[in-house]
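Please see the structure below; I have some questions.
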Amino acid sequence: MARHMSPALPLPAAAHLLSAEYPGEGSTMKLRVGLAQITPALGRLDRNLELCLEALAKARQEQVDLLLFPELSLTGYYLKDLVPTVAQRRDSPLLRRLADESRDLSFVVGLVEESPEHLYYNACCYFEEGALRHVHRKVYLPTYGIFDEHRYLARGDRVRTFDTKFGRLAMLLCEDLWHPSAAYLAWVGGARMILAPSSSPGRGVGDPERLGISSTWEAINRFYAKMFSLFVCFANRVGYEDGINFWGGSEVVGPDGGTVVKAEYLQDDFAVAAIDTAEVRRLRFFNTLLRDEDLALTLRELQRLAGERYA
Amino acid sequence: MARHMSPALPLPAAAHLLSAEYPGEGSTMKLRVGLAQITPALGRLDRNLELCLEALAKARQEQVDLLLFPELSLTGYYLKDLVPTVAQRRDSPLLRRLADESRDLSFVVGLVEESPEHLYYNACCYFEEGALRHVHRKVYLPTYGIFDEHRYLARGDRVRTFDTKFGRLAMLLCEDLWHPSAAYLAWVGGARMILAPSSSPGRGVGDPERLGISSTWEAINRFYAKMFSLFVCFANRVGYEDGINFWGGSEVVGPDGGTVVKAEYLQDDFAVAAIDTAEVRRLRFFNTLLRDEDLALTLRELQRLAGERYA
Amino acid sequence: MIRATEVNLTINTALVEKLLVGFVANEVRKVGMERVVVGISGGIDSALSTYIAAAALGRENVVGILMPYKTSNPESKEDALRVVGDLGIEHRVIDITPMIDAYFGAFPEADQMRRGNKMARERMTILYDQSAVARALVLGTSNKTELLLGYGTLYGDMASALNPIGDIYKTQVRQLAKAMGVPAPIVAKTPSADLWLGQSDEAELGFTYDEVDRLLYLYVDQRYSSEDLVEAGFDALFVARVAERVRANQFKRRPPLIAKVSERTIDRDFRYARDWGR
Amino acid sequence: MIRATEVNLTINTALVEKLLVGFVANEVRKVGMERVVVGISGGIDSALSTYIAAAALGRENVVGILMPYKTSNPESKEDALRVVGDLGIEHRVIDITPMIDAYFGAFPEADQMRRGNKMARERMTILYDQSAVARALVLGTSNKTELLLGYGTLYGDMASALNPIGDIYKTQVRQLAKAMGVPAPIVAKTPSADLWLGQSDEAELGFTYDEVDRLLYLYVDQRYSSEDLVEAGFDALFVARVAERVRANQFKRRPPLIAKVSERTIDRDFRYARDWGR
């Protein structure tokens, strides 16, 4: 494993200050990715921290190198007016406590972040070697159907990759993945894995195999994994909130579009995928889409569209 | 009055294609502005069109030159899932019918606009001399407290002034006025009147004089009118929807910050203000804020802030 | 920082009266109705709701229903009749004793709580039946304090078609009742649900409405935190008890939970105003 | 364009069963309870809800309440007892005749509609009382078809704490009931609210559940317009009647209207999940 680390974020400075020059960049490695498919309690930081610590203990037992929790794993999903009550600043005691836990094990938790301007973000935090290394604020806040995120939360304005022990990664939160532009930015930004914490509510029961929503998600994860030749690690929660179920089915999909590990539907689970990031390298012998991708063309055409729209 | 008109919008082309070069620009005139403080029925285009035609008839009796209806006057406010049902394309028969009504009388109505991409906007339409001359799509969709607009609607991305019989005007919808940046764009864009159709729900009953929300709104209207030396024409609706009242109190505020006309609170009303846009000219002898405004500085500093934020 | 002693719950009664009278007139007529029925208990809340309805719809369009039980305080009925007489509205007295006793005959062991809740629900069923007779809507009479504390019976006194006073605190109910001419003895008397003899709201709750309204106003309307409220001078245990009570009773303010399985579920992603098309 | 005849309401019964059983287990235990009470009418909806609850909580944690009226069809009681017997759950029979007759003794002129609604509400009051005895939640039994059409009694059979079947159509209730082992005669019999002798849902509604479910699915779940539905082959009058019925009954699916006056009003800008803190 590469031993040169990005510096810990100078709290609360922005994640984008991380250097893109990273010694050992491009080296590949084997690692064990864990998916903690839990049932957070709504608005109960205390109980959810316990769930988190239990899963970390289990991850240590199972020699996991990188553990993913679902979106809003520390808070529950349908927070509504509880948002400010459960929100955490980057320098909060709870986040320091979590950072301490990451000395021997990297992990991602979901929570509500309070910014210095007192805005609230649906965020996920990457902890590694005792520090908070990167924060992704959800960009695409679903506010339709069963969702009301924009009502309660501010919208993130960055999609950034960041360097870790395991190489360059990106995090995207749930709805972010439904916008191919966001996954595209992760890919072009050099991610070899997309970490995707989610809280996806179950619906659609006409399919003889599984929930309608699961089919859609599984197609999305496989599409990015295969087209972009990278790992997609999807950690989805379970449990019920106000009659709405979260369907689980967390998974790691490999750069060939194949399933590396799949957690159960509709119940607590803990899944571990032993992966080798050399697979990304090998598959990019065959898949030249990144090599052939014309960034300048895409950028130029987008600038033209924006110019026309806002003329 | 200036007789040279902007061309009718080539339907459904965007409003910003109107030429900014306008013969007679800067000439002042006297006119009568009417405020139709009505109670729309929720989701009933038929009944609201009748209300609209009644108010137009009354406006003709009272020699009104420019009549303002409230925000969403053709549809009612708490539409929720009715949004697509009541939405109108710019070439819809209903809009053509309204355009016909504007041969002798300019007016502004509020409605849900359906775009060619099937997006829905909270929009207001300026009709004049038999044609739809300008559409403003609400930019700031309140999605907090009693509001859920972002859930159902797409967000406008333009604040534009436009030329009319009465000189250059701007329209802003309700929450738009709470963003000083939007009023600033109208001012710098050359508007001599801000037309502000609204559906403001009543709340706050501790004030011995009036509703808390009325005080806030009246301060906002007076601030822009006086600081920017222009007319603010605020048409607010009345009635109740699902227990929420709309408080009325429509008004025209002059460029000296004084009230030209004020409609009743909490009941249907029809108010007429006889104004002279020469007042804008006269007050700008004293108020040199527009002359002194440093557009380049503001632009440069905003670009710097955006650059820092999105770096 | 706010001080507990500085909270001012004074309302502009003329304005609130106009808003609430307009609310009843508008929401009743919008559904093609002219009338309301209201359960008049003799207490201030139902009295105020009745005065608002009479101002909104005219006294001929308000039907008061008195629903005493055999152990109800006779003063309650007197006060209820005072409201009826003062406004000159139609009224009907329906004794709930036969229905309640018919039920609890089989459950003699039932405690006061069960009996009280059954009575509150029996009254609701009667109001709805009488509303069908009168071609009327059922007027609610729960104030904001009760709704927040969950101090009421779900599907009993908390059930109605429209509630003019659900957004004003008990303290503010008193101000408005006085301003609208509710008889002074009704405004002045000790609040009681009168579900059993000698019941007193404030004794049962363990605090006065004056105290709790100030607390609720800061906590709910102003969104101060529990910590802020203790700092403002409220007793920490009192704050904790009230906050927990508000939380634990959220179920009384929400519709039944429906298990979502489809793509469009009632009240989740099937959303229309109650006034849809009105 | 969709064709009326092509609508497929088949559900994955194994998956729906898992979701609904999980729903009941999770939502009941989350509030610190173990048990539910359910009114068992003898019809398919309450039978299915009971089977779901027994699978979720164990048969010892489900209490069935049978609440016949003197004119109820005796077959209803037999079918209800069949459910009780098949599952081996605790049950109680509470005859509502004394309470209902005590009330309508004073109103002999009352029509079937008034009587039926009063009975539905009486049953609700009993379920809530029995839930207090059993330290249990009240399980709802209204399906999506009934809720959308408003074919039920507000604060009567439509009232509950949690409803496992409120998001599946009557046609789908049949599929799931069959899959979960609800006795065949109950699955097969003619749907009836049994509020009066010989009542049949479909005769009263004027259309079959099969027809209306396909229509509702396209109109509500798929958001086709009335015009689309006529084009798809549905009768125009049928479409108009059902659409109007869905609209006009929206009030039964929404909480009471509260007149907003403050800065933060219950259910408008005071918003928390029912499961707040669970």
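So that you can tell them apart, the chains are marked A, B, C and D in the order they are listed, and the count of residues begins at 1 in each.
Just so we're on the same page, a contact is a pair of C-beta atoms (placed from the backbone, for glycine too) under 8 Å apart; a residue touches a chain by one contact, two chains touch by 3 or more.
Here the structure is a predicted model, which is why all the values come from computation and not from measurement.
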From chain B, the most remote chain by mean C-alpha position: D
Whole-Å gap separating chain A and chain B, where each centre is the average of the chain's CA atoms: 43
Between chain D and chain A, distance of the C-alpha-averaged centres to the nearest whole Å: 40
Chain centre separation in whole Å, for chain C relative to chain A (CA means): 47
Intercentroid distance (Cα basis), chain D paired with chain C, Å: 27
Of all residues in chain A, the ones touching two or more other chains: 144, 202, 205, 242-243, 245
Where chain C touches two or more other chains, by residue: 11, 16, 19, 23, 27, 162, 223, 254, 257-265, 270, 272-274, 276-277
Topology of the chain contact graph, where touching chains are joined (line, ring, star, complete, other): complete
Chain C to chain A touching residues, read off their complex: 223, 225, 254, 257-265, 268-269
In the complex, chain C residues that touch chain D: 11, 16, 19-20, 23-24, 27, 31, 94, 98-99, 102-103, 105-107, 110, 113-114, 117-118, 121-122, 124-126, 128-129, 132-133, 140, 144, 147-148, 154-155, 158-168, 220-221, 223, 247, 250-251, 253-267, 270, 272-274, 276-277
Residues of chain A touching chain D in the complex: 41-44, 78-82, 202, 205-211, 239-243, 245, 266-267
Contact set on chain B toward chain D in their complex: 84-85, 144-146, 201-205, 212, 240, 242-245
Partner chain A, residues of chain B touching it in the complex: 16, 143-144, 148, 150-151, 157-158, 309-311
